[in-house]
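Heads up, the next two complexes both have subunit A, just with different partners, subunit B and then subunit C.
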Partner chain A sequence: MKALVATLAASLIATTAMAQNTSITIGMQLEPPNLDPTGGAAAAIDEVVYANVFEGLTRFGSDGSVLPALASAWDINDDGTVYTFTLREGVTFHDGSDFDADDVVFTLDRARAEDSTNAQKALFAGIENVEALAPNSVQITLSSPSGNLPFNLAWGDAVIVAPESAAGNATNPIGTGPFVFSDWVQGDRVELAANPNYWGEPIALEAATFKFISDPVAAFAAMMAGDVDAFPVFPAPENLAQFDADPRFNVIVGSTEGETILAMNNSAEPFADPLVREAVALAINRQEIIDGAMFGFGTPIGTHFAPHNPAYVDLLDRSPHDPDRARELLAQAGYADGFTTTLKLPPPAYARRGGEIIAAQLRAVGIEAEIENVEWAQWLEQVFRGRDYGLTIVSHTEPMDIGIYAREDYYFAYARPAFVALMDALDVETDEAARVDLMQTAQEMIADDYVNAYLFQLAKTGVANARIEGLWENSPTQAIDLTGVRWVQ
Partner chain B sequence: MRAPRSGDQVLIYLGRRFVSLCLTLVVASILIFGIIEVLPGDPAAFMLGINAQPEAVEALRDQLGLNQSLIARYFDWVGGLLIGDFGQSYTYRVPVAELIGDRIWVSLPLALYALVLSTAIAFPIGILAALRRGGVADYGVMGLTQLGIAIPNFWFAMFLVLIFAIQWRIFPAGGFVGWEDPVAGLMGLTLPAIALALPQASILARIMRSALIETLDEDYIRTARAKGQSRRGVIWHHALRNAMIPVLTIIGLQFSFLLAGAIIIENVFYLPGLGRLLFQAITQRDLIVVEGAVMLLVFSVVVVTFAVDMAYALVDPRLRR
Partner chain C sequence: MRWPVSLIVGAAFSVVFAALALISFLWTPYDVDVLSIPDRMQAPSGAHWLGTDHLGRDIASMLMVGARTSIAVAIAAVGIGMGVGVPLGLWAAARRGGLLDEVIMRGNDLIFAFPSILIAILITALAGPSVWNAILAIGIFNIPVFARLSRGAALSLWSREFIMAARVAGKGAVHISAEHILPNIANLLIVQGTIQFSVGILVEAALSYVGLGAQPPLPSWGRMLADAQTLISIAPHMALFPGLAIVICVLGLNLMGDGLRDLFDPKLKQGRV
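Moving on to the complex of A and B:
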């Protein structure tokens, strides 16, 4: 009898252990509005489906490198205008239909069509023609040479979809990835299950659940109670020390592509004056903001570029914290008594908390920044589209996005012709050394013009059960890639 | 001849209430639509983010039907409502009715659960306090209910989570697994229901106490006692029944509040309820969901009020005169 009980107990323990070893519950602060990464910008969409459900011709690795995905290899012609991609064979979509060159043509034509609602349509702007040469070969012709195509195609917005299922991807995503979509309880969770027919390396997990917990205190409770196994982007940095001290958890600190900036409206007085912009940049004490608003997580930046990028130049010495010099510059610009402006803050903590500190720092040099808290929708309408603002704080999370400084219609309204020319040159340059050179000149130009005050690179701070292995440390794109995740003993 | 005339009058009274109900709904629909549509912020711009090209946003606006005139969209919306079609969510891309329907299965049971708990706590302690007026029990109940009203329910909720979910691990810290497993579903709603019920119970207990004290002072109570009825019989048959009118009114109000007002508690326990749906829809400018959900709440309040009016008409003879 005892033996029987023991066996039962042992098998019970074994089954629970096994169940635990192959399924994972991931916490996320925001719920994706839909699950189609080709039709929306919300980071939460990519976090659930990128690399898990959908795959592109290429993909980002955890270090930001561009790796082959549905394309096993590619050739570039000598002048850099024609790319030929060799596709993997034997790949099927989750609904059983075959993946071939026609799906690639469909996907790219759909993304660049006139009525396309792709949030990153600019990624496909250089494509002139997409042609299926054979079921396993696609030729992409560009209007001008570009070395960026494999990088652009690695974005979540460029994942390959099938003509049969594309229209329904918002609620029933059908991709080629290692996980199949199984259920979405709106407001609560999305469930994925392992794809038994996956073409690539087999994955360790059998099921994954993404749970949406918007309240930071609730997120803390859910981790502590064990309801959630990992929170890759944990919303409350103030709790990280407590998790770090607890052997049950690992705190994962990495970098993101998010340059957090104090943006200035270059199109209106007083920020149209470079002296005023320089004064603002010198009034800022970055470390104070990182310590006070981000609990020490974040790397100071002196320009709009990620410090972990090999082409990054350290330009922090162009805008050291120097309030006396800032007051002098303001006096030179004709604002000896300072001025009053608006500081519009979107919801994230870096903006709301950072804004309070920045307002105090600006007050010290005579600039009265009136804080106005706005929701994202309002921010988009007033600041982004209407340019009705003086200052605002935003983290620009797209990878390698210095090109936005060349956009004439962009909200901080820089678009200096010399800078635009620089970006045009970068677009057609394929030599790596020359590209790095151009990128560095661009970084210096915007730092010297004090377009915005550059604050810090947003850190990625996550928490996970200590027995989980394989989560991304850094965030080269906004993804929670589960393909390499496993439980260890 | 008296009876039919009074019946007619009830019908006339109810008919008038019905017409006013319909008018309220029409006015509410215009107000809701008007106010929500003038909110700054474009759902299409929100969905495509800050790297989107203007033409892509325009294409999405077309797809969502946002480029039609305001009036055309209003009639589209109201026409749909009349046949039970709430439209399609801009961001989720599923029918609004489906979204709301899913959430109701969390919000309605939660509201009922909280209401049951709140009455179960409030009635005995309210009655006890009234009967022991001025005594230790009365002071105890009054002090505790004062505390219950003063403590913010989200704080109390976190306190419950700390003890029952993190320390003792009896209940989950939040989330809702669905009703396929009714026990787990009920477990998930228990802490939120307690957190919601505490302030409601405190208010209700105080109302119960004062209403009962008031009726106990009435002449008819003394008369009943003088006629030889027992103290217990008087309390049960006369005092409590009469004290129930204000109490029931408060319960009705509390129910409407619990249905829509649980948003903070839903956030603390990350429950997929109506309040959170509304909140999310507002931040995402998913206006059609906001309009549908608010309209439904207005409808439920108006219908409950109508039902209460009907009940009054049947119960209170003065209304028939």
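Moving on to the complex of A and C:
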């Protein structure tokens, strides 16, 4: 009997070990609302399908660089308005149909169409015409010169879809990537299987499961129990020290594109007054927020730009923690006795915990910020669309998104004409040095105008089984790229 | 007459918490509005008797101010329940068997059918989460409890001779209810009020735990528990003390309610022995 049990146990261990070598379970906090990256804004969509199921003409590397994907090369004409992309041959979609220039024309025309539901239509705004020159060659004509096209086409919103399957991608995504969609159990998981006909470098994994665990306590338990092999964006930074101390796990700390800001409603009193905004910025103690809300994970920022970007300017000295000066500024603005405003907080820990700390810091200079915890749906409706707020905390995770400050209808409503002109100039500038100059001027302008209080760059705090390698350390875009992931030992 | 042991123990617990809540108006060991991030998650020590939370606030001070929130919410909610429920119950009893009786009691059944947490979520969706909405939700949930209790007790009194005498003397239903029935069911109401008080504290903690009760920075036992949840393996004291506070306070009130019943109803006590 004992021997039988031992054999059974041994074979069980052997099978799990074998299964583990080729399959992986990834934990995510939020479930995607659908699986079509060209038709939704949710980061969770891209996290599941970007580079795994769908590919674009270009793609982001783990360091944020733009690499060739379905286009093997591209040429730009002398004035920077005509791009000619050479496409890879022998690529097929998961349903067996061939990938060629017509799919590219279809995808880009669909994305920039009048009735397009693409969440980032601005990426395609400069495209005037898309034409198939040959089955493996596409010409894109821009209305004005731009150096940004390969970067724009690397976004998850610009992945190539086929006309035959585009309509069904929300529930049955069909792309060209190394993984084929196999199942989606709503509320629980999405399953992917390796694509045997993949055109590119073969991948090590045979199957991948994305499991959705919204509760941080359950996420911790699932990691500890081994139900989940990796949690690339672990929701509770307070648990990382425990994972770090455990030899079974690797803690992966990297940077994200998430500028976490205390946004102020520039369109309404009292935050329409730059003096008040400056006072708020000076009342904030960034290090306390990073330590208290994020357990030390995060880099302070003085403007809306990622510190790892080469064009970043350190502007922290424009808004040092100076409560006395903040009180003086409030008095100058006519609020010597302070005022009361609302502070609406979405669910993530950086907002909920950070909000309590910020409310205490503002109280110290006389501003009474009444905390109101809201769910994401309410936040989108009340704050993002309705502008019914005084203050809010949110992390802007899109790459290179300083352009949102030029949007008049955006929720913090800045759009100073000089800034809009700056962004227009940036759009048509192709010279790299001149672009950096423009981006730095823009960073300084929004820092000097104290549009928002810039808090910190969100850290990417992930946990993975120590035997997994190849997960991205940083998050240059919203993605959990599994193409290079494998089990070692 | 001997005082029931459960009454003495229960009242002692309850008085301690009430005293802590009252003292917190004048003095707390630390200011609960002031955060001190460098001192966060300290274990209990001489400086912080019950340790500090994840934002460096003193847990003992938070519990004292939180007791204030819990007790205030529970008192207000029991007040709503009694203030509305008892007159409704008495009115229904006075018109026993009539259409009005039927309407009132079926209305109560309707409210009873919704758990208080559901009512709270409904109110929150309409008016936003706040301590006032928590009071309203728990208060509404208390109405049918008191209405049923007072109607049932009043019904048995209405057939008694002294009520008959009052009616013969020409007193109206309102007078009889107020002068003869209410004093005779008061002890029942006090016992039930004590129990509902403890239920109120429990529900307030539950609502705050899911974010529908007291909003930060107002300290609340339920929210302290919610904040401690992900930190339980690093700083167990953050969950332990608010949890203990809820348990002891609710236990104390229940014991007190039990003891009061024994005191008011000696027959029941003898029967049990």
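The criterion applied here is as follows: the second predicted complex is superposed on the first by the 472 of 489 C-alpha atoms of A that agree within 3 Å, B and C clash if a C-alpha of one lies under 4 Å from a C-alpha of the other, contacts with A are read in each partner's own complex, and residues count from 1 in each chain.
Definition applied: a contact is a pair of C-beta atoms (placed from the backbone, for glycine too) under 8 Å apart; a residue touches a chain by one contact, two chains touch by 3 or more.
Because the structure is predicted, anything quoted here is derived from the model rather than measured.
*Asks:* Is A:Val217 touching anything from subunit B or subunit C once the two structures are fitted on A? First, second, both or neither.
*Replies:* Touch partners of A:Val217: subunit B and subunit C.
*Asks:* Does subunit B (first) or subunit C (second) touch A:Asp409, or do both, or does neither?
*Replies:* Once the two structures are laid over each other on A, A:Asp409 reaches subunit B alone.
*Asks:* Would you sort A:Ala421 into first (subunit B), second (subunit C), both or neither based on which partner it touches?
*Replies:* A:Ala421 sits against neither subunit B nor subunit C.
*Asks:* In the overlaid three-chain picture, which partner chain does A:Gln120 touch, first (subunit B) or second (subunit C), both, or neither?
*Replies:* first
*Asks:* Looking at subunit A, does subunit C or subunit B touch more of its residues?
*Replies:* B
*Asks:* Of the two partner chains, subunit B (first) and subunit C (second), which one does A:Ala73 touch, if any: first, second, both, or neither?
*Replies:* In the superposition, A:Ala73 contacts neither subunit B nor subunit C.
*Asks:* Which partner chains sit in contact with A:Ala134 here, subunit B, subunit C, both or neither? Use first/second/both/neither.
*Replies:* Neither partner.
*Asks:* Looking at A:Val488 after the superposition, I want to know if it touches subunit B, subunit C, both of them or none. Which is it: first, second, both, neither?
*Replies:* Touch status of A:Val488: no partner.
*Asks:* Pick one for A:Glu356: touches subunit B only (first), subunit C only (second), both, or neither.
*Replies:* Once the two structures are laid over each other on A, A:Glu356 reaches subunit C alone.
*Asks:* In the superposed arrangement, which partner chain does A:Asn34 touch: subunit B (first), subunit C (second), both, or neither?
*Replies:* first
*Asks:* Could you tell me which stretches of subunit A are touched by subunit B in one complex and by subunit C in the other?
*Replies:* Common interface on subunit A, subunit B vs subunit C: 217.
*Asks:* Sort out for me which residues of subunit C touch subunit A in the complex.
*Replies:* Residue positions touching the partner: 33-35, 37-38, 40, 54-56, 128-129, 211, 215-217, 229-234.
*Asks:* Enumerate the contact residues on subunit A facing subunit B in the complex.
*Replies:* 31, 33-34, 39-42, 114-122, 170-171, 185-189, 211-215, 217-218, 221-222, 224-227, 347, 375-378, 380-382, 384-385, 394, 396, 398, 401, 404, 409, 411
*Asks:* Residues of subunit A touching subunit C in their complex?
*Replies:* 216-217, 220, 236, 238-239, 241-242, 288, 291-292, 353, 355-357, 359-360, 363, 370-373
*Asks:* Could you list, by residue number, the parts of subunit B that touch subunit A in their complex?
*Replies:* Residue positions touching the partner: 39-43, 45-56, 59-60, 62-63, 91-94, 99, 102-103, 158, 161-162, 165-166, 169, 172-176, 178, 267-273, 276-277, 280, 283-286.
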